[in-house]
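Taking it in order: structure first as structure tokens, then the write-up.
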């Protein structure tokens, strides 16, 4: 059954890359949102430190 | 502001026209650019008029759009640099009116000029004389619509150092509908069909931008002049 | 006896430029016939304060009011009563001194050619009225900008470094013009780093770094 | 009534709220998307016309919808911030832009892959893909304008205004591209519109829509925290929030 499922009725070459792109988009969004919020925290700490100094 | 709105519009319009006419060399630049870009296509495609004729509306319109867009970059920049834009804003004349006067003056000296020399380009690209009427009408409406969109872009990027590239990035996507309608109006006129549909749509775009753009560009100026 | 509100009142204005807290709760009042001299080192926010008072810039906190009402509430009334001379004289190089004046003043009020001529005469640049502004010297351009301020006959003068590029006679001339303006019941807010000697009530506002 | 809204929209409470909501939203989104994918790819029947290629709709349609929804949200948030001077609107708009742009790109990729079996090429200037491409340009314009200003507050306001101008133009662009397409290609291209959906096909699609929507709000919350911090760096409440 799984080989039929993987073949996607002959369109495997189109369906699976699409799923791949979409999951990649979701992953990128998570990763870059995380990175942005970490960078913002860092910058906030630094400017507070500068303000205190 | 003790002077009436129409006097204010007239005054700023006269000022802009006088300023532009004092620098005629700058007025020629968009026209020469229009001719140069048009010449690129036969060189890159083929000298065969019959071949060029199919591409002619697109070539003419893209060249006209780019020429008009490049000349829009300086719409507010010169006044912003020498401080007169601030005086205009502080004169009490509504910002929308200032934008309207400056954009109309700019269109008269650039967009309209492109329309006047467009038959020259039309012939060079093999557009039949019978289509010249529609071509010029659609170009007039199209360049005016573009001037309004460009005014918003110019107002948003007036203070920026490398603003002209950003201006094109902002305005061209918004100008795609008018390119579609304008080029297809010319194309239909060339094919002998009635271009009425495309012209009406182009006219509608023109009216929409004429009414909304001054408000948007005025608000943009207030933001960038802070 | 209803207290007539002081013409110009600035109340606890705060402005940030990115991280820098440029204006920290600046507040003052200027009455008729008074001038306020704003001074301080470079970068202490003198020009920013002036731009806030002109209304070009909206402060994050604090208000600027003219005759008791916020300048952004009744914008037309305030703009009719004030004139702003920026750090650089706002002239178009391609236009002559007279044309610059005609447009700049004509935008705010109906003005006759005679009045324009008198204003140029008063500031001593009548001779180069028909020369394009780009050929004038810095001092002459400053004087044309002063002619605009004069011809507008505004109640409130907002001047940003008006004495730059002026020679001794020019400084003397400007001092007289300001004194006449104040004597006539006008007000002035002057940003200048040099000392001012005015025969009128002159208060000082120091902007700390 | 307004004070409630102002308190909610105050940066510290938004910062705290979005921090608490984000994990739940993302977890729920993960479940829904997992379920939707499995159901859509394995159990839903193939389309009688396009066969299994049709299953691409389960990712294409939700991301296409998100690409437009994010732009609308960006424009509305920017407008609220411009008109009522509620600063948090600019943070929401700045947070929504990159997410919307990424889903626009995903829509373009999955759309052209979906079109390949039908058109024989990846890109055939299909009206909907062309509008999606122009939407990507609009996103790019707004994001680069926001970055172009040194003073972030002015960049926010300029980007907000451009987003409003953009949102007015989106229907015009969609109409003109469709009009242009029907002009030249006529009806020859088999329009891959919404094929008739039987219930078992529809359920996974709705689940995927819900999953993508929750995912979008979840990521928006995470990005919002970053944008709020960037704009409120020197506010007093940031001290405790950052200290933990």
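Every chain is named by a letter (A, B, C and D) in the order it is written, and numbering of its residues begins at 1.
Here is the rule we go by: a contact is a pair of C-beta atoms (placed from the backbone, for glycine too) under 8 Å apart; a residue touches a chain by one contact, two chains touch by 3 or more.
Everything quoted here is computed from the prediction, not taken from an experiment.
Colleague: When I count C-beta pairs in contact, which pair ends up with more: B-C or A-D?
Modeller: A-D
Colleague: Measuring between mean CA coordinates, which chain is farthest from chain B?
Modeller: The most remote chain is A.
Colleague: Would you mind pulling out the distance in Å between where the CA atoms of chain A average out and where those of chain B do?
Modeller: Going by mean C-alpha positions, chain A sits 42 Å from chain B.
Colleague: With chain centres defined as C-alpha means, what is the inter-centre distance between chain B and chain C in Å?
Modeller: 37
Colleague: Please work out the Cα centroid separation of chain A and chain D, and write it as a whole number of Å.
Modeller: Once rounded, the distance between the two centres reads 14 Å.
Colleague: At what distance in angstrom does the C-alpha mean of chain D lie from that of chain B?
Modeller: Computed value for the inter-centroid distance: 32 Å.
Colleague: Out of chain A, which residues touch more than one other chain, so two or more?
Modeller: 47 - these are the residues of chain A that touch more than one other chain.
Colleague: Of all residues in chain D, which are in touch with two or more distinct other chains?
Modeller: Each of 151, 233-234 in chain D touches at least two other chains.
Colleague: Going by the touch rule set out above, which residues of chain B reach two or more other chains?
Modeller: 226
Colleague: Quick check on the complex: what are the chain D residues that touch chain C?
Modeller: 150-152, 233-234
Colleague: Would you pull the chain A residues touching chain D in the complex into a rising list?
Modeller: So the residues of chain A touching chain D come out as 5, 8-11, 14-15, 17-19, 21-22, 25-26, 28-30, 32-34, 36-37, 39-41, 43-45, 47-48, 51.
Colleague: Given the complex with chain A, which residues does chain D contribute to the contact?
Modeller: 26, 33, 37, 41-42, 46, 51-53, 55-56, 59-60, 63, 98-99, 102-103, 105-106, 109-110, 113-114, 116-117, 215, 219, 222-223, 225-227, 229-230, 233-234, 238-239, 242
Colleague: Which of the residues in chain B come into contact with chain C in the complex?
Modeller: On the chain B side, the touching residues are 1-3, 8, 11-12, 15, 18-19, 22-23, 82-84, 86-93, 225-226.
Colleague: Would you mind writing out the residues of chain C in touch with chain B in their complex?
Modeller: Against chain B, the touching part of chain C is residues 54-58, 75-76, 79-80, 82-84, 86-95, 99, 103-104, 106-110.
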